[in-house]
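In this document, chain identifiers A, B, C and D correspond to the written order of the chains, with residue numbering beginning at 1 in each.
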Amino acid sequence: MYNEKVMDHFEHPRNQGVIEDANGTGEVGNAQCGDIMKIYLKVEDDVITDVKFQTFGCGAAVASSSMATEMIKGKTLKEAWDLSNKAVAEALEGLPPQKLHCSVLAEESIHAAINDYRTQHGLEAWEEKKGSHAEHQH
Amino acid sequence: MYNEKVMDHFEHPRNQGVIEDANGTGEVGNAQCGDIMKIYLKVEDDVITDVKFQTFGCGAAVASSSMATEMIKGKTLKEAWDLSNKAVAEALEGLPPQKLHCSVLAEESIHAAINDYRTQHGLEAWEEKKGSHAEHQH
Amino acid sequence: MNTEKRLVYMDHAATTATRQDVAEAMVPYMTGTFGNPSSLYDLAKVSREAVEKAREQVAVAIGAEPKQIYFTSGGTESDNWAVKGIAFARKAKGNHIITTVIEHHAISHTCEWLEKQGFSVTCLPVDRFGMVDPADVENAITDETILITVMMANNEVGTIEPIAEIGAIARKHSVLFHTDAVQAVGHIPVDVGAQNIDLLSLSGHKFHGPKGTGALYIGPGVRLDPLMHGGAQERGRRAGTENVPGIVGMGLALSLAVADMAENAKRVTTLRDRLTEGMLAIPNTYLNGHPDKRLPNNVNVVFEFIEGESILLLLNRWGIAASTGSACSSKSLEPSHVLIACGLPHDVVHGSLRLTLGEETTAEDVDYVIGAVKDVVQHLRDMSPLTPPELRSQS
Amino acid sequence: MNTEKRLVYMDHAATTATRQDVAEAMVPYMTGTFGNPSSLYDLAKVSREAVEKAREQVAVAIGAEPKQIYFTSGGTESDNWAVKGIAFARKAKGNHIITTVIEHHAISHTCEWLEKQGFSVTCLPVDRFGMVDPADVENAITDETILITVMMANNEVGTIEPIAEIGAIARKHSVLFHTDAVQAVGHIPVDVGAQNIDLLSLSGHKFHGPKGTGALYIGPGVRLDPLMHGGAQERGRRAGTENVPGIVGMGLALSLAVADMAENAKRVTTLRDRLTEGMLAIPNTYLNGHPDKRLPNNVNVVFEFIEGESILLLLNRWGIAASTGSACSSKSLEPSHVLIACGLPHDVVHGSLRLTLGEETTAEDVDYVIGAVKDVVQHLRDMSPLTPPELRSQS
C-alpha cells in the first residue's frame, strides 16, 4: 500500500519526540478521526533550529510528520509556512489518494505551531490561504 | 441421466420395425413435441402374436416403446390394454421425472392400436380411463 | 460401430478444459500465497499484484484499460450485473430495454424478471441466419430506452452479430450498449473501443480458463448499481473476497488464447468447414446459423425425421461429446429458442446437433465424427415413423 | 525487534489457505474431468456426480438435506441472494426486513439498497458484547415483516448470536429467518433444523476451502427470486455453469473441517485464551466482543492512545498478518461499525486489533505474537501525543 520511502519514515521516524523548552507548538486533528499531530518548534532569530513531533495515526500520518519536520528544520518561519502538503507528499514519493489528508495535517500542524510562536511573541498570526485544505475532509 | 436398463432398450430396441400385414396400428404424439410413437399389431384369436414399433423421439421414448412392445407380446388384447405407463416405467427400472410422459406415450399408442383393431373388426372402441394421462402434458 | 472407439470432445461452446499450465499457475495462489488481496500485510500484496496482472491481461485482450475490468464469478453474473445494474441505476431516466430473441438465458431471463419489476423490454427478431438487423435496433429506440443488449456471437448457431454497427447506433442515440461476448472473447477479435461497446461480459471457462470466473468491462462514465453488495472489493463495485486463483487463471488463459488466436482460428475454421461438408453430405440435412459470419469452431446442423437427444446418446457411445437444441435434452422441455427464432419449423427443430471444435481437435477427429454421425443418423431414421422410404436402409 | 522473525498468520477470519489435499482434489476437475455437469455425455456424468457428492458433504455439515443446498460464488452472493431473493419474491406480502447493526456489509449494504427500492429496514442494536437480544427481534416484527436476517457469529468481534431463539421467534410469527453463518460453519456446530433456520449463507474460503465458492441453504417451502437468472443449473434456482472444481473443493474442505471440529475448537480455544491474556496484560487494553460466547479463534482487543493501521504495519514487519477496525485501514475511511455498535467511544475505536487463529497456530506463535504486540504498542504509544506519561518508556 505504501512505497518504501513512506515505510522508511514510518518505521524510522525522524524528529519524533518532545522539545521541553519549545517556543511554538501546534496540534491538529482529533482522535475520532483517527489522527492527531503535534509539532514542537524551537525558533531562534526567525529560524527553526529544532523541531519534533508526536503523532497518533496511521502510517501516512507518521511518515508525513517525519518528512515535514525534516523539511522545515533550519528553515525560516516564512519558508516553513510555505511548505505545502503537496510538497510533503511529493517528498514521500507519493501517498495513496485516500491518505493525502495526512499530508494536509502536517501542513496544518506546522502552521498552528508557527502561529503559536508568532502570537506568543506579539506578532500577528498569518492567515491560511483559502481553500488550501479542501482535501482534508473527515 | 438414464439407467442401464433404459440405455439397453434404447441402444438395442426390441421389436423395432414394421409389420406389413398388421391388423391394428396406432400412432400418437407429434413432431412438434419431439416424439411420435407408432405401434403395429398382429392379432390372432384376441392374442397379440406380433408387435412392432417405430419411434421418433428421445432415449426414453425409444426405450419405452421397446419395453412396452415386449410386455404385450403374447398377451390378450385386454391384458395389453391394462398395461399402464407406470408398469412400463417400472419395468425400465425408472425414468427421470421429466421423461415419464414417454411411458404415457407408449400406453397411448398401444391403446390406439388396439382400438384400431377393434373398430376395424366391428367391435366397440374401449374408453380411456379418465385422468389416466394427466402426466402427459406438452 | 465398426471403427475403433476414441474420445472426441465436440462441445467446446459448453465448456473447455482448463489448460494444464493454467491450472498449475493457480495452485500456488490456493495453498501458499493465499492472502486476501484487500489486506495490508505482505502476503496480501502478492495476491493483489497477481490480481492486477490478470486485470491487465484481460484488458489487453479486449482493447480496454485495466481499471475498466471487474472480476465476477462467470458470464451469467456479468450478464445479470450489466442488465440489472443499468436498469436499477437508470430507472429514473427510462424503463425501456432493447434485446434480441437469440440471447443466452442469462440475458433473456434477466430481462423477463425486469419486466416483472416494471421495465419494458423489446425483443428484436433475427433473420434465418440468426443475424440481427442494426436498422431494427435503431427503430426500436425510444426516449425511454436506457440499454441495448445484443450478444456478440451466438452460443448455439455461432452467428457473429454486427456489434460495431449496433454500438454506433447506440452511441448516436446516447443509449448504453452491452454485449454478451462470452462466446467471442478469446476466439475472435474484440475491441471495445472500435466496436463502440459500453459494457461487455466474458466467461473464463470458454477459453480454457477456470470455471466460476468471468469479468465485466465497464466503459468510462458508465454508472450501474452493484449486483453484489458488500465489501469494498473491485473498487467498491463488486463485493466478495476475490477468487485470486481463479482470476490469475483466467487472465493467463485469456492472454494465451489471444496470443494464438489468429493462427488457431484459421486452423479450426478449416476443420469446421470439413466437418460441415461431411454433415451436409447426409441427405435432408441443413446448416443452422450464418454460412460464413460464424464462430470458427461452430457447426450446427439439423437432420430431418430424427430427434437430437437420441443422436447425443448414440454419439456418446462412440465417445463423442456434443450438444443439441432439442427440447428433450433440455431440463425446461423447451426446444431451442434460437433455432425457432431463425425460423426452423417446430417439427424439425428437435433434430439439431451442435458440434463445437477446440484447439486440440484434429482432422482425424473430424473424420471420425463424420462417420459416427452418418451411422447414428441412419440408425435413428430407420427407427423413425417419419422417414420416407428412400432414406431407409436397404435391409 | 530482537526476536527471530517468523511468519504468523493471524487473519483466518479474512481468509484461509486452501488445504493442500483439497487443492489436489480439485485439479483433476479442471484439466481432465472438465465436463459441464448439465450435459448428457459420460464426461459430464463424472462432474455431475462430483457436484452431488459435494452437495451431500455440505448438507451433512449443517444438518440439511442435499437438495436444500445451492452452490454460489461465495458468502457475498449467498447473502445478496437470500435477502434480495426473499424481498422481491415476497414484496406483495410485505416490505419490512429486520436486521442488526453488526451484520457484514454483504447484508447491510444489500439492505440499504433495498431501502432505495422501497423496502423498510429495521436495524436492531446490540449490547456491549455485540449480542442481539431476541426480545428486540420479537418486538420489531410487524404485519409487514417478510424477513429477519441475523448473523450467526460476528466476523470482527467473534460474538455468537442466539440464533436458535431468534429462529424460534421467527417461526412463531411465520416470518422467514436467514442467518449469515460465514464465520460459523466449519468452526462451531450448526444445525439448520435445531436452530430454526430457513436460509443460511456459507463461504468456502473460511474453512480452508477454495475462494470464490459458497452455498445457500434454502429450507423446505421457501420461495425466493433468483439473483443469477439464466440457465437451469441448480434446479433452476442459480444459473451459471457450475464451478465444479470449486464445489468439489468446498465440499471436501467442509467435511474435513467438521470431522476435526470439536477437537480443533478445543485446542484453538486454549490458544485464544492464552493470547487474550497476553493482550490484556498490556495496560489500557480491553477485550471486544463477548467474553465466552465467541468464536474459538477470535481475539479482538482495543489499545488506548494508538491507531490500528500503524499496529498492522509494524506487526507486518514482525511477519504477523492481522486485521483492524480502524478507519485508516479501510477503503471507505469509516471505522468499524461493529465496534461502534458495541458502544466503543469513537476516539478509541481506531486502536483495535483483530487476531484470528487457525488450525496450524501453535503456542509458540501465540507467544511470539504477544511479544511483538507489546513491543509495537509501546513503540506507538511513545510516539502518540495522547499517551499519559506513566505509560511512556523510561528513556
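Heads up, the rule we're going with is that a residue touches a chain if its C-beta (ideal position, glycine included) is under 8 Å from a C-beta of that chain, and two chains touch if they have at least 3 such contacts.
Predicted model, so just to flag it, every value in this text is computed and none were measured.
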Number of steps on the shortest touching-chain route linking subunit A and subunit B: 3
In terms of CA centroid distance, which chain is the most far removed from subunit C? A
Distance between chain centroids, defined by C-alpha means - subunit C, subunit D (Å): 34
Using mean CA coordinates as chain centres, what's the subunit A-subunit D distance in Å? 40
Report the inter-centroid distance (CA atoms only) between subunit B and subunit D in whole Å. 57
Which positions in subunit D touch two or more other chains at once? 40, 309, 313, 329, 331
Tell me, which residues of subunit A touch at least two other chains? none
If every chain is a node and each touching pair gets an edge, what shape is that graph: line, ring, star, complete or other? line
Interchain contacts (touch definition) - all pairs: A-D, B-C, C-D
Where on subunit C is subunit B touching in the complex? 305-307, 309-310, 313-314, 317, 326-329, 331, 333, 335, 346-348, 350, 383-386
Contact residues on subunit D for subunit C in the complex? 9, 11, 14-20, 23, 26-27, 30-32, 34-36, 38-44, 72-77, 79-80, 88, 104-107, 109-110, 112-113, 117, 203, 205, 210-213, 225-232, 236, 239-246, 309, 312-313, 315-316, 320-323, 329-332
Quick check: in the complex, which residue numbers of subunit A touch subunit D? 2, 7, 10-11, 13, 16, 27, 30-38, 54-62, 98, 138
